[in-house]
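The structures come next, written out as structure tokens.
One chain, chain A, links the two complexes that follow: it is found with chain B in the first and with chain C in the second.
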Partner chain A sequence: MKQLLAVALGVLTAIGGFLDIGDLVTSSVVGSRFGMALVWVIVLGVIGICVFAQMSGRVAAISGRATFEIIRERLGARMAVANLGASFLINLLTLTAEVGGVALALQLASSIEPTLWVPVAAFAVWLVIWRVKFSIMENVTGLLGLSLIVFAVAVFLLHPDWASLTGQAMSPSVPATETGATYWYYAIALFGSAMTPYEVFFFSSGGVEEKWTKKDLGQSRVNVLVGFPLGGILSIAIAACATIVLLPQGIQVTSLSQVALPVSEAGGKLAVAFVIVGMVAATFGATLETTLSSGYTIAQFFGWSWGKFRRPIKAARFHLVMILCLLFAIGVLATGADPVMITEYSVVFSAIALPLTYLPILLVANDKQYMGDEVNGRATNAVALAFLVIIVVASLAAIPLMIITGAGA
Partner chain B sequence: MILSDLLTRPVIDAHGHSLGRVLDVRFVIDGAPGQLLAEARLAGLIISPRAATSFLGYERTDEKSPWLIASYLRWRHRGSFFVRWEDVDRLTSTRIVLARSYRKRSAALPD
Partner chain C sequence: MTANDEDDISLAPPDSYAGQVLDAQLHLLDRQVLDTDGVPVTTVDDLEITDIPIDEPLRGTPAPTIINILTGATLGTRIFGGRPPSSRLTRIPYRDIKDIGVVVTLGVDAEVLDASWPERWVRDHIIAHIPGGHHDPE
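So, the complex of A and B:
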């Protein structure tokens, strides 16, 4: 019974923790412009993140070490610097977007300007990282993030034309108002938002924080293979809400209030309350994860002691990196930069950096010296290699498409 | 001398023919006993006639997967060989010169 509860908790946390500002904004933007025609990308991205997250979770559980430490040791400094540079910079951009997301979500609740919320949000994040236990931090934000299920409920309350929705999703075509280039640009953005690199680093470092062993492999697999797809369904629900309400009225998504608009039409104030709680939890949870990831990647690369399981004084440089990254995010947002814009760029740049993040993980997960009998099977390798091809193509196509489309305008 | 003095450095034989670049160096741990391990001793250089980028660990012959990546890296580094440190005659400021009697040995690391 206790074990069942633990599994359920893990899955629920994974669902609630799956969505972040990138998924909220990108799914909604895509739904409002392309309807359901890009839903296949969400499905593809979720499969991809499942493959690589369970791989990095397995590396952590078997070797007892985080992916990044092994990358540095196994692939050498040059490869690790490329990996670190790409991952860290993207992560910093994502972190900034998430802090901005928390501020936007709090603005929905309070009508106080987001720029004023930014320092408060960043301070709260720091406090949680400094004081709160890892498992509590994960479970609380994950479970509260489940409020976003209200998007799925809203789809039903809006009584959509189901045949048309599924038709758009099953036989996708570029709407007359858009060009092929914008279609593929947003496909890459959506792919990047599902496969954001920090999730993988966070997942493997989290495994070390929670002291996973071979025994926990089953649980970690279930978390990923059940939790992430269900989280992906919420992502699809957000796109569907936008398709039903925003697309016909030609409403552009420029802030979180438009993301929430279909839900308020469907369920009124109560539903909006759920959305706000869910959005605050999801973005706050993702801010914690990206902040920790910035500390993890740097500390693991340089071989510093790291982890929330150590007292801050025992991992001082790890905590210092995180404080500096939060200050950076505050600084960028203080210039009045639009968090939604930052988010849109962060998901595309994520897509560009993906090969540098995922290739090393694949190599490490195949190394018998670290993994023993738990190296990747043939099927996993085949799927992972297929994804690497997709990842490389998306990465190469992203910048030309960004230029051609004027960043999707 | 530090590692960067050796890595990617062009290598020539005693007659001045180019042999490639230093791709990696190999150590054996058989020196004086240290606190944790014995001290490492430089055993020799891995020289690649083609690319001076890393083998990414696929010089170990029992590492075969993912097959596509393993075979690509082996193909890319075909013709790589190992020379003992004793076979190195001298280091100039730009090049590494091997002794007249040097022998090419296999770069593979068997299981």
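So, the complex of A and C:
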């Protein structure tokens, strides 16, 4: 019974923790512009993140090593420093977007300017990282994030034309108002938002934090293989909500209030309350994860002491890096930069950086010295290689498409 | 290069191979270094080996041995080129190593090593002054 509860808790937090500001914004933008025509990308992205998150969890459990330590060992200092530079900067961009997302979500609840919320949100994030245990942090934000299920409920309450919705999803076509280039640009953005690299850093380092061993592999596999697809369904629900309400009225998504608009139309104030709680939890949780990831990547590259399982004074430089990153995010957002814009850029840049993270994991998951008998099976390798091709293509196509479309304008 | 010179390139092999044979590039460089309590100290940024005498034929000269693990400034020069002066190298004596596996484990406490002074500096001057940092997370 206790074991069943643990499994259920793990799956629920995986669902609630799946979405972040990137998914919220990108799914909604895509729904409002392309209808359901890009839903296949969400499905693809979820399969990809399942394959690689499961793999990095296995590497962490078997070898006890987190991703970035291994990246450096395998690629050497020179390649790894280039990888670190790119991964760290993109993670910092994502972190800034997430902090802005918390502020926007709190603005929905309070109508206080997001710029005023930013320092409060960042301080709260720091306090949790400084003082709260890893497992509690994960469970609380994950469970509260489940409130976003209200998006799925809203789809039913809106009584959509199901035939047309599934038709758009099953036989996708570029809407007359958009060009092929913007369609593919947003396909890459959506793919980047589903497969964000920080999730892998975080997942593998989290495995080390929670001292996973071979015994915990089953649990982690269930979390990923059940939790992530269900989280992906929420992402699709957000796109569906935008398709039903925003697309026909030509409403542009420029803030989280448009993301929440379909829900308020479907379920009124109560539903909006759920959305706000869910959005705050999801963005707050993702801010924690990206902030920790920034510390993890740097500390693991240089071989410093890291981890929330240690007291802060036992991992001083790790904590200093995270404090500096949060201060950076506050600084950027204080200039009045639009968090939704930052989010849209961060997901595309994530897509560009995907090969940097996913290739080394695939290499190590096949390395007997680290993995012993637990190296990848043939089926996993075949799927992973297929994804690697997609990832590389998306990464190469992202910048040209960004230039051609004027960043999706 | 004459055939004779080529002969000179080969150094005398070590007297015996005691235990495990390691490839410095593959098994040492860029590996995580842990102290005796399993606390991460640094990464193996470079290795310092004994010098080969200059202007003497190589034949018969004993093979160089690793004397120190290097860290700190040497990482920058390894990546971007150049060579820091010997006084700027941060060294961990090779004899402090207890075990070499997927990670390099030292037999000493990180606190006594020069290599961990930046960690101590950040801890003593910044992190230790923030309330709550001395406790386990709850």
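Heads up, the rule we're going with is that the second predicted complex is superposed on the first by the 409 of 409 C-alpha atoms of A that agree within 3 Å, B and C clash if a C-alpha of one lies under 4 Å from a C-alpha of the other, contacts with A are read in each partner's own complex, and residues count from 1 in each chain.
As a working rule, a contact is a pair of C-beta atoms (placed from the backbone, for glycine too) under 8 Å apart; a residue touches a chain by one contact, two chains touch by 3 or more.
Small disclaimer: the values here were computed from a predicted structure and weren't measured.
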Checklist entry - Which partner, chain B or chain C, touches the larger number of chain A residues? => result C
Checklist entry - Which holds for A:Lys368: it touches chain B only (first), chain C only (second), both, or neither? => result first
Checklist entry - So, A:Arg78: does it touch chain B (first), chain C (second), both, or neither? => result both
Checklist entry - In the superposed arrangement, does A:Asn376 touch chain B (first), chain C (second), both or neither? => result first
Next on the checklist: Contact-wise, after the overlay, does A:Tyr345 reach chain B, chain C, both or neither (first, second, both, neither)?
Outcome noted: neither
Item to check | Which superposed partner A:Pro312 touches (first chain B, second chain C, both, neither) | outcome: second
Next on the checklist: Just checking: does A:Lys133 make contact with chain B only, chain C only, both, or neither of them? Give me first, second, both or neither.
Outcome noted: second
Checklist entry - When the two structures are overlaid on chain A, which partner does A:Leu385 contact: first (chain B), second (chain C), both, or neither? => result first
Checklist entry - What residues on chain A does chain C touch that chain B touches too? => result 76, 78
Checklist outcome for this item: The chain A residues in contact with chain B across the complex are 74-76, 78-79, 362-363, 366-368, 375-376, 378, 381, 384-385
Checklist entry - Quick one: in the complex, what on chain A touches chain C? => result 63, 65, 69, 72-73, 76-78, 80-81, 130-134, 136, 299, 301-306, 308-309, 311-314, 316-317, 319-320, 369-370
Item to check | Complex contacts: residues of chain B adjacent to chain A | outcome: 54, 56-57, 62-63, 65-69
Next on the checklist: Going by the contact rule set out above, which residues of chain C touch chain A in the complex?
Outcome noted: 29-33, 39-43, 45, 71, 75, 78-79, 102-103, 118-120, 122-123, 126-128, 130, 132-138
